[in-house]
Structures are given as structure tokens and as C-alpha cells.
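What follows is a set of structures to go through.
Each of the two complexes below includes subunit A, the first together with subunit B, the second together with subunit C.
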Partner chain A sequence: MSEQLREPLIEVKDLRVEFDVRAGIVKAVDGLTMTINRGKTLGVIGESGCGKSVTARAILNMIPKPGKITQGEIIYHRRLTKEGQPGLDDVFDLTKTDPDGKIIRSIRGGEIGMIFQEPMSSLTPVYTAGAHINEAISLHHLTPVRKVGDQLAEQVMAHRKVTKEEAREIAINMLHRVGIPKPEERVDSYPHQLSGGQRQRVMIAIALSCEPAMLIADEPTTALDVSIEAQILDIMRELQESSNMAIMFITHNLGVIASMAEEIVVMYMGKVVEQGKVIEIFRDPKHPYTQALLKSIPTLGKKKTGERLASIAGMTPDPFNLPTGCVFHPRCPLFMAGRCDKIAPTWKEVSKDHYASCLLYEEA
Partner chain B sequence: MAITEKTETTTIAKQKQASQSYWSLVWWKFKRNRVAVIGGIILLVFYFSFVFIPEFLSPYALDNTSNYTEAGPTRIHFIDQDGKFHLRPFIYGVEKKIDFTTRKRIFVEDTTKVYPLQFFVHGDPYKLVGLIPTDIHLYGVDQKSNPDVRVLIMGADALGRDWFTRILYGGRLSLMIGLIGQIMTLLFGTVMGVMSGYYGGWVDMVIQRTTEFLGAFPDIPLFMALAAAIPSFWSPLAVYFMLTLILSFVRWGGLARQVRGMILSLREREYVLAAKSAGANDSRLMFRHLLPGTMSHVVVIATLSIPGMILAETALSWLGLGLRPPLTSWGVLLQDAATVRAINTTPWELWTVPFILVTILAYNMLGDGLRDALDPYGSR
Partner chain C sequence: MAAVPQTQTNQVKSETHLLEVKGLKKYFPIQKGLLRRTVGNVKAVDDVNFFVREGETLGLVGESGCGKSTAGRSIIRLYEPTAGEVLFRSRNLGSDGKTKLVNLLDLNHAEMKQVRKEISMVFQDPINSLNPRMTVSDIVAEPMAIHGLDNGRETEEVIIRLLERVGLRPDHLRRYPHEFSGGQRQRIGIARALSLNPRLVICDEPVSALDVSIQAQTLNLLQDLQKDFNLSYIFVAHDLSVVQHISDRVAVMYVGKVAEIADAEELYSHPLHPYTEALLSAVPKADPLYKSERIVMQGDVADPSNPPSGCYFHPRCRYAQDVCKLKTPEFRELKPDHFVACHRAEELTLEGI
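After this line comes the complex of A and B, so read on.
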């Protein structure tokens, strides 16, 4: 059923973000186009510094200081009636909003939640877990999270401030949902009393406490160990199912993305090089960069011992001095002299719903 | 039954330990520093007695003049002329005489007149803490029956006023000016520092240049210029508040710079970004997320710089630029004692000095203790 329903939530069109630093201009995001659909997970993968996090920040209009959105738009389909089925969408461009204004602040956290890579430092040390969740709730003047069969009460309570006891109850409830043991005690814990996994769960609880339409997860499990990572991913999947939330999952871990996302965007130097369904990309990667990425995953049992793991040759290029033509050509194993270093590839549909930008799929 | 009770209490104790907040850890560490605790207790006692109950502690009202002009400290006796010991101390009446060789006025004890010293004695009426009307003083000679007798444990000034009374009342203004001034400095300094560090750019520029500008002035001449600008027809109280303002205005710069420096590093922390992505606005980020991180440092700085505030008031008043009579502060009292003649003839007027010294010392002891307790990397 969910296959046919593809309602766009965020459409990024030809986005360009530049950082004007002393040494020159860095194009952190260079003509990026992608669509995030309601209730779906979009995986974004790429090497460090390829513009994944900057894209996420651009969606919330939170580009750090010297950076600027120089081109493109981020269309946000804002659902006005949260509960009603045929909701009216208010469609507008997020890049045009005032970065300190009321609209974007109500979207941040309220409609688009975000969790970060570093759970260790993402909580303000002087506030308890409960205080963090309450802050998020009170910032968005939310009504208590509905319990089953509580719909009526929710409507009555709309646009009313939450009392202290209610807020505490919500916080405990949220902590319980993200699987924190003894939430009645943990709600009063300070960040330094929580473990890394617990802090990341608290972060998720904060992000989810306002029932956002979308969650941006910026490498949420990179700093955690593998068993905690699996738990966090399970929690995210469960919560997504129960609240029909879109997730933009940023990572460089291919294993994680395979289990989380339905669709994948592969980024390289601020550009999308390939996009498609998870299965297609893993089974039949089209772009040489994606192919190289997939080859660099160690697999159990398949290879002879002693064989070296494949790696991508060379280094990511100097951002101030990008290669001509296709930016990947100096490292590309399928480099075609005379073409790749001259012509910039265009966006091509190589098979159904599977796009790549590579000259291999373009006629000479 | 008893066993379950015991296990219950231990689990509660464990939970308490597990959820010990930062401040409870600080308190625990502070308590073990005996010097700092002593400093804190001295200050508590001083502030309580000088600010809230000087009327009760002093035997007379501040404006109670007598003909005990420049009388030395009254001797308090336990043993009478006959060598008999009295449990209740007493004083003798005095007779004013002139020493013909030195041409000085001297007070000679008249052993025939004996006045017992009493606790909780009736005297000048006053309002306790400004609310409760009463006339009970901690000690003294009953004034109803002997209105002309004075017990002056630290002597009297040129108008015959009890010096100890003046020190108590003076302490009220001097201690309060330190505290109120410091609170204003704190507000000024932290708000300016946080804004400076958070916004950066031209806001930072303006604030930092202002602090540099203020810092470039030598302190005393700047005080003098500002204090001289206070209109002379203002009521002493208005002058007092103006002076507090001036003191804090000159001193907020240092604090603002330190807070700015801390904010510069704190604002790069991930939790600020996280709070922002949750929809927090600038003022919330600044004052709810960033400011608490600087608080431990600010508390120490504030404690250690209150003495400077008190000394500045004292110095200004001593120069005649701060508080003026009829207000009484420690600086005003020092001014009385500042002549060679005063030191020669009425040395008891220097009793003000130990009070100032002890206050300053206590603040430094407390401040050092706080610094050690609040430093998370301290090894002691």
C-alpha cells in the first residue's frame, strides 16, 4: 500500500551552498536535487566532507556563519491539519524564511526534528533529561502526547500550555518509548549520569516528543558501539512505523543504510552521483564511485585470506580547486581520457527510478 | 521489618548518590575546606548582624549624641573597690575633668556611682528589620533610670556618639554597597559578555571596545570624575545608589571579557546546535543553554571581587567623594579617623579597620574555597 503513496515532504532543487572562507570559496553543496517523501526513509551516504551534514542544516536553514545558500530552493510541504486525512499543504521555500524568524523556529524541532552524531555533547550539561524534553514541548506549545483512546481530550487541550505534572508524565512516557529502563528515575538524570546510548535515546526522545513530520538523523550511531547501534536503529524503525515519520538518514556506514533506508542518495563533493532504491543500488551500482564504495565493505567468508580490501584510489580533491569535468575522474577506475576531464556529466535515468550522473551512460 | 527498613534506606541513599547534582558535589567539596567554611560563616554573621539587626546589637541609636565627647572606651568591671566579685558586670559613672598639664579633657571614673550592665535592656526605640517596633537592645545600662550614662565599648566620637554603634550602622551601607554593586556588575557583565560572545561581529566589537575604554582609565580618577558629577543637592540615599551604579559601571568590563571567552568556546558545543535545531531562539540559547555553563566561574569571580567593591567605596568615601555624613559607612568612619590628631587623641576610632580587614579576608577565604570546590579538574 505504501508503495503507491508517494507524497513529497521536502524537495531540494538545485541547491548550492558556498562557504566564503579566506582561502577562497568552498562549494559544500553544488547543485543538489533530491526528494524526501512522507513516511519514507531516505539514506544519504558519502565520504566525510561531501556535504551531507550541510544539506541537513540547509533544510533547517541553519547554515553556520560564513556559509550561504547561493542558489536553489528547498520546498517544504507543510501539512496544516495534522490529524485529518486529506490535509491541506502549505507549500513554501525554506531557504526564503528568515533564519531567526518564527516560522523556521516552529519548524525546527516542531515539524522537522534533528539528532546529531555526538550524543556525548548534544545535551546541555546543566539540565536533566526530563528538562530537555519539556523544553522541546514547551517551545512548540504542544499538547500532551496522546495516549490510546485519548483523541478527544487532545482536541480539548489544543493550544494550552502543558502543566508541570503533565510535562513530566510526557517526558517519562517518551523515555519509555525510546526504551530507556526505569524512565521514572532517568527523567531526573543529568547528561553525565547517562551512558552514550542512553543519551542518544534521550536525543531521539526530544526529537520525537513534538511528533515531527520528519527526522534528520545526522550519523546518529557513529559514536556508539555496535550493539547499541542496533538497538537505536530498531527504535528508530519502530517509531517511524508508529508515527509515519519521514527520516533523512545521513551516514557513511553502508551496512546501516541498507537496513534502514528505502531509497539512497550517494553524494560526492557536494553533488548527487547516484540515486535509487536500496536493492538496486546494492545489487547493481551504476556510478563507479558507488561501485568503489561497495567494494570497500569487508565481507565475511567470501574472500581468500590475505587478500587486501579494495579502497578508492587517491584522496578527495582540494575543495578550492575542483577537477574539471566529472569531479570524480582523477580517482575513477573507469576514467575515459578526453571525455571525463572535459565534460561534466548530466543526470540520467539509467533504469526505472535509478539515476546516475556518469558519462558512461551518456552517448558521446 | 527492621531489615526491610534498613535496605530501603540504603537504596534511597544509593539513589541519592546516583543522582547527585553538580552543586551537591560542589557543596560536599566546599564543606571539607575548613578555611572557606570559616570565611563563609564570618560573612553570614557579619551580614546578618550589620544588615538586619544593627539596631538591636548597638546600645544606642545612630544619632544619639551625649556629652561624652571623645570619651575613650568604657571600662567594664567585675570586681568592685572592695575586691568583691560580681557575676553581673558593671560600669562606674564618669566625671569630666581637664588635665591641666596636657590641657586635655579626660574622663575619670567615679567609683561611688555603680551602674550594672544588662542584657536585653530598654533603650532608644527602633523598628527591628524595619518592621517590628521595639526598644530592646542587646546590652547596655537601663536608659529609663539613668539617661545620662553611656556604655561605650569602643569609645565615642566628637559628638559623643557610641563608636561601636557607628561601626554597626556603617557596616550596613559598606557591606550592602559591595553586594548590590556586585550584583549589578554581575548582571551587566554577564549579559554583555554573553551577547558579545554569542553574536560576535559588530556587537562583540562595540562591547569589547567599550570594556577596553573603561579599562584604560585609571580607577581612582575615573571614580572621582564620576562621583564629582553627582549633584550635591541629592539626598544621601540617592548619592548612595548612584555610587553603587558608578562602581558597577566601571567594573563590569573584566567579567564581561571572561564570560565572553567562555561563551566563545561553549557556543561551538553540539548541545547549542541541538537546542537550535529544536527551535530555540537566540535569547533562549544565550541565557538558558550557554550562561549556566559559565556560572561556576562567575560565582567565583563575583565573590573574589566584592572586597574590591567594598574597598573602593571605602576609598572614595575616605577621599570625601563617596558617601557623606550624615550617612555612615566604614569609609566615612575612616575619614573621621584620618587625621594625626585623631590617631593621637582618639585612637579607638581605628576600630573600624579590623572590621574591614576581617570582612575582606573572609571574602577571600570564601572565594578561594569556592574556586577550589567549583573546579572540576581540581585534585584536592
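After this line comes the complex of A and C, so read on.
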């Protein structure tokens, strides 16, 4: 909770991801900077197409073609735990790793787990739930082997891959932890035999089976009912507490983010427009986009007055033809003619630990 | 209103009922073996009762698989209901400008076609519900063509007015669905639904595929259109806050049955069914300081092909008693306009929002 406990795990600095398509270049992420701390949850919100998911993929260095990271770095503070001793941080830039190389492959799924939005299409229909989890475990999970030296009783630790039986054991245990009833039977079920909520729980079990240092959850509950959603959020919080896992939580559901995240990043057209503590963002949003976004959701339990929802005028701009100045200006209710359409706003600290990029907070 | 005797209020009310669904059932048979013998039924909609008043919005909520979409589709016989009555006050089948109360399930093909002019539908997925090979003008004009109301020039003007009404431009007429964003596509779907001047629109999850800001625009549009054309809506959705925002009354469904119906504000503040209470408590609030007392529902939604005995909700209900396992609760009006199907509704005091 306190300042001293903030330990960065991933630092994204001035990241730019471009997609070179026939119609031109799309800057999916443009100058993004953010930090994900150990054991904390960072919420990323924004409309579809604002670059949330591309950022997540950039961290795992798996931007689909024709996308490319053209600028910036993603610093990963890797902690290699050796038996018994706290490991030293090995700090390196993920964007510099070979996307097919050994290092990034041991990080993907092993040290950084990911949950995708659509549980039906992210599980292979021809494998059982157990097989999916086993795959993750056998790729990443290494078991220490004790060899007892005969003379000096010296313990040598080596790592070997888990056996099939052990993997199955772990898979059942994981299914149990994510709250799937009768895990011993369910481990042999195929995805189509599971309900939507169960499938998503299998996805979470896969992501968590290797005890990752960070979990990227890309709209993990969007396709689910509220009751299942609540269960899954609970599981994620529990596991975060027990293993000090960092979570990058991508969503456009503001209710979910309010209950999950400590810090929030608001994205619009590939840029971060506002960042701050969750309470600050909800109580005192600074950027007109955040304000509009918060007003556009119907609040549960509010007295009904037949009022209209405040909606953001217009649509997200054409990515090939971004507006000049501030990208939000054509839709902004506080548009200042002559300034917002000419000057691009800079990143300003508007109050303590609360940043926004808007000309309202800059001197003329 | 409470002072008026029960029977009298019911009579007064039924005058204004545009649609009344009584004991509606839709079973999908499960067939097995070489002879495709029916070995069981998926009771998607099982004895559902509700009514819609003229000009109001009835929200239908529930978890996925609870039969809310099936109920909506069974009303206009997109699915042929297994049993029940769907009473509709039809203008087209009445004479001398008067309406006639008809049971939709008794109508023949020609009569049903007349009624379909009065009841239209907006679908969930704006990508799949629009034909990719048809232009916007063809899509919006199709219902008119089917009902023999297409007369060239004039129709085009009507379409242009409709498109402008839903926030699209006349130059969009010759474009194809793929050229539009999700929100715009949903507007095309809405324009199509309104092209025959319906009185009742069944909206099947119309905003769940849309982004928050576009969702707000679409909800506002639906509300404006309701005012302008005096439409009644059946609004099927799983998002409780959206349903609360748009609905006058809300029906909560669980495994093919209606658990509770009440005025939206009443239902959210004073739920009478434990399922409604649990569902409301599960909704994450957009307020970081709100610490909710969440009620955990054990297990999954019951299987509609093999539902539990008694009250379908009893295995997940924290108030369940022996009677809940044995007897199906009666769907009754506990307070004026507040219907509930729970044995213990009288004695329980449940938390709303």
C-alpha cells in the first residue's frame, strides 16, 4: 500500500507500435508510458481500438504482423528465484528479445500469464481442459530435484520437467483453486462440455498454473454473466494476495475496474490521456474524455428520472487521419478553438500522482 | 393506487395492456438414436407470464441461458411456442380503427403477417443481422417490400427520414453494412425495425456488443424514438444497470421461469426474490470506495433439460428450506404490481441497492 513497497515489474517507456497496412500506417500505440508494480493491479480502460490489447501483446513481444514496435522500450525486472534465496533482479528490455527466442518463450505463459477475452476461441476444441493446463505446466513448470550427495550430505538442486502424473495432479489442483466443481472429472472434459464461465476459469487456471509474476487479463469477464464475473474477480484477487502477482487488467467495464485496480490508465487513440489512483480517477477525473466516459455509463441504484445518458459526441476518429493537436478535440465538450486543434497537449502532473494530458491544465 | 381494490385495479390495468403473455412455454426436444426419438426436453421457457403496457419498456434480465431471448422470440413466433397464450391488442386486425385482442398463437399465416407489421425486432449482433450484400436502403426497405408497401420514390423519402432520425446521413443509403462501425450498424437495424411503424419493438440485447460511449448514444436514441413514436419495448439484456436505466418495469428470469416482476425502481431497491438480491449484489459498482456485501451464489445455473425439484433456484439459494425442494413456488402478486415466485417472499427482508 505505501510508497516504499512499490517495486516496478514492467516499465513501458515511450512505446510506439505501428501497423503498416496498405492504406497507410496506423499508430496503434503512440508514446505510451506506464509502470506495472509487483503485487499491484493496473487497470487499463478505453474504447475499442484505443490500443489496450496491442499494448498487452507488446509486453509479451507478440505483436501480430504487420505490426512493429518502432520506438520505446519495455523494461522487465526479471527475478530468477534460486531455491531458498531471493534472486537478483535481471533487468532487460523485452522489445530487444528475439520474438521466437528462448527467453521470451520462457516468459510468455511462464512468468507473464495472459487471459484472453474469448474463452471459446482461445481453447483448442480437440484437447481436454486438463491437457490445456498440462501443456502450460510441462512447458514452464520445473520441479526441483534433490540429489543427496553420499559423502558430504551436500544438497544439489537441479530442475527437471514435471512428469505427466505430476502435471495432472497440478492441473486438478488448479481447477479446484479456480472453483470448478468436481475437478477430477472436469480435467477430462473438452471445452464444449464446459459452460462459458467454466471455460474462462480454465483459461485462468492455465494462466496461473505456472505462478506468473504478472497476469495480463484482457477483458477476462466481458463475455460472462455478473454472477460468474464476480466469482472470477474474487479468484483473481485471492490469487494475487497469495502469490504477490501483478495484474494488468484491461477492460471497458468501469464497474469492474473500480473494484479491482489500484491505479488506472485511460487510453484514447493509442495515447494515455490520464493516469492516477483509482479513487482520484473516479472522484475527480481531470481529462474531459475520462469525465465523459464515466458519465456515459448508467449507474445502478440511482433514482430514475428519465434522464438521458451523457454520451460522447461522434465516433472515434479514423486512425489513418488523426485530428491535429489533441486527438480528442473533435469530440471534446470543452474544446478551445485555436488551441486544442493546433497544440498537442503534454503529460502534466495535475495533482499528486495524478497525470493528464490536456491543454486545460497547461498555461496559455 | 393502493386504496383501490385489487380486482378493480386489474381490470383498469388490462385495458392498457398492449401484450399479455400467459403460461408461455417453449421446449426444445432432445433427440437421440437412429430414430431421433425424443428423450427429453430443454425447457428454455417454462410457464412465463408477463404483460407490457402501451408505451412502456419491460426489461427482461437474467443470466445467459435463462430463456430471456427465447421468450422474446417466441412472442412473434420466430420460435413456435410449445404452449401458452400471447395476447396482443392488434390494430391491423381490428376494424373501424379499433384494436382487437388476439392470441398470436391462434393466428394463421396471413393474419400473423399483419401482426408482424406491428411488432418488430432489433437483434443483438449488428454484424450478423444485416445482409452484407444489401445496401442500407435495401435493408431498411425490405420490410416494406415484403408487406407490399414499397412504392419507389416515396419509400426512398421515408427511408431518408428514418435514417436521419436514427442519426445516419442520406448519403449512407447506397453503402453496405461493412462500411459502418458497430454503433452505426445497430442504428441501421433500428431503422429497419421502425420502417413499418411498429407499436412494439422486441430488442434482443441491442447494446451489449457496443462500446460504452456508443452504448449511451444508442440507449438515448431508443428512448427518444419511444417518445416520438409511442413505442413499447421489450428490452432483453443481461446488463442490470442498462436495464434499470431504460426500463419502466423489469422481469427477472431464472432457468425458463420468471422469478420476479416489478417496477424498475421497486425491484432494484426492494427485491422480493433471493435470486434478484444475489444478482444485484454481484454487479460491480463504478465506485472504488463501495465495498459490497456480495452474496455468493453456489454452483452454476441449473440445467434446463434437467432442472432441480421444487423451486429451480433452491440449490443456490441461501434462504432455501425444505419446502423449496418439494414445491414449485406460485407466481403471485405480493404487492400491487410486484409479482414474485418464492415461498418465503413474505417473511424475508432482502437487500436492494
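As a convention for this text, the second predicted complex is superposed on the first by the 334 of 364 C-alpha atoms of A that agree within 3 Å, B and C clash if a C-alpha of one lies under 4 Å from a C-alpha of the other, contacts with A are read in each partner's own complex, and residues count from 1 in each chain.
Here is the rule we go by: contacts are C-beta pairs under 8 Å (C-beta built on N, C-alpha and C of every residue); 3 or more make two chains touch, one makes a residue touch a chain.
Just so it is clear, the structure is predicted and the values come from calculations on it, not from any experiment.
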Record, for the superposition on subunit A, whether partners subunit B and subunit C clash or fit.
fit
Between subunit B (first) and subunit C (second), which, if any, makes contact with A:Ser259: first, second, both or neither?
second
Counting residues of subunit A touched by each of subunit B and subunit C, the higher count belongs to C
First (subunit B), second (subunit C), both or neither touched by A:Glu229:
second
Give the angle at the C-alpha centre of subunit A formed by the C-alpha centres of subunit B and subunit C in the superposed arrangement, rounded to the nearest 10 degrees.
80
For A:Thr346, using the defined touch cut-off, is the partner it touches subunit B, subunit C, both, or neither? Pick first, second, both or neither.
neither
Answer with first, second, both or neither: which of subunit B and subunit C does A:His140 touch in the superposed model?
first
Can you work out, in whole Å, how close the C-alpha atoms of subunit B and subunit C get once everything is superposed?
7
Residues of subunit B defined as touching subunit A within the complex:
15, 18-19, 21-22, 269-271, 273-282, 284, 288-289, 292-293
Under the definition above, what is the set of subunit A residues touching subunit C in their complex?
47-48, 181, 195-198, 225-231, 233-234, 252-256, 258-259, 278-279, 282, 292-294, 296-301, 303-304, 306, 308-312, 315
Touching subunit B in the complex, subunit A uses residues 60, 62, 100, 105-110, 113-116, 118, 121-126, 135-136, 139-140, 185, 188-190, 193, 203, 206-207
Residue set of subunit C touching subunit A in the complex reads 63-65, 181, 183-184, 211-217, 219-220, 223, 238, 240-242, 244-245, 264-265, 268-269, 278-280, 282-290, 294, 296-297, 299-301, 352-353
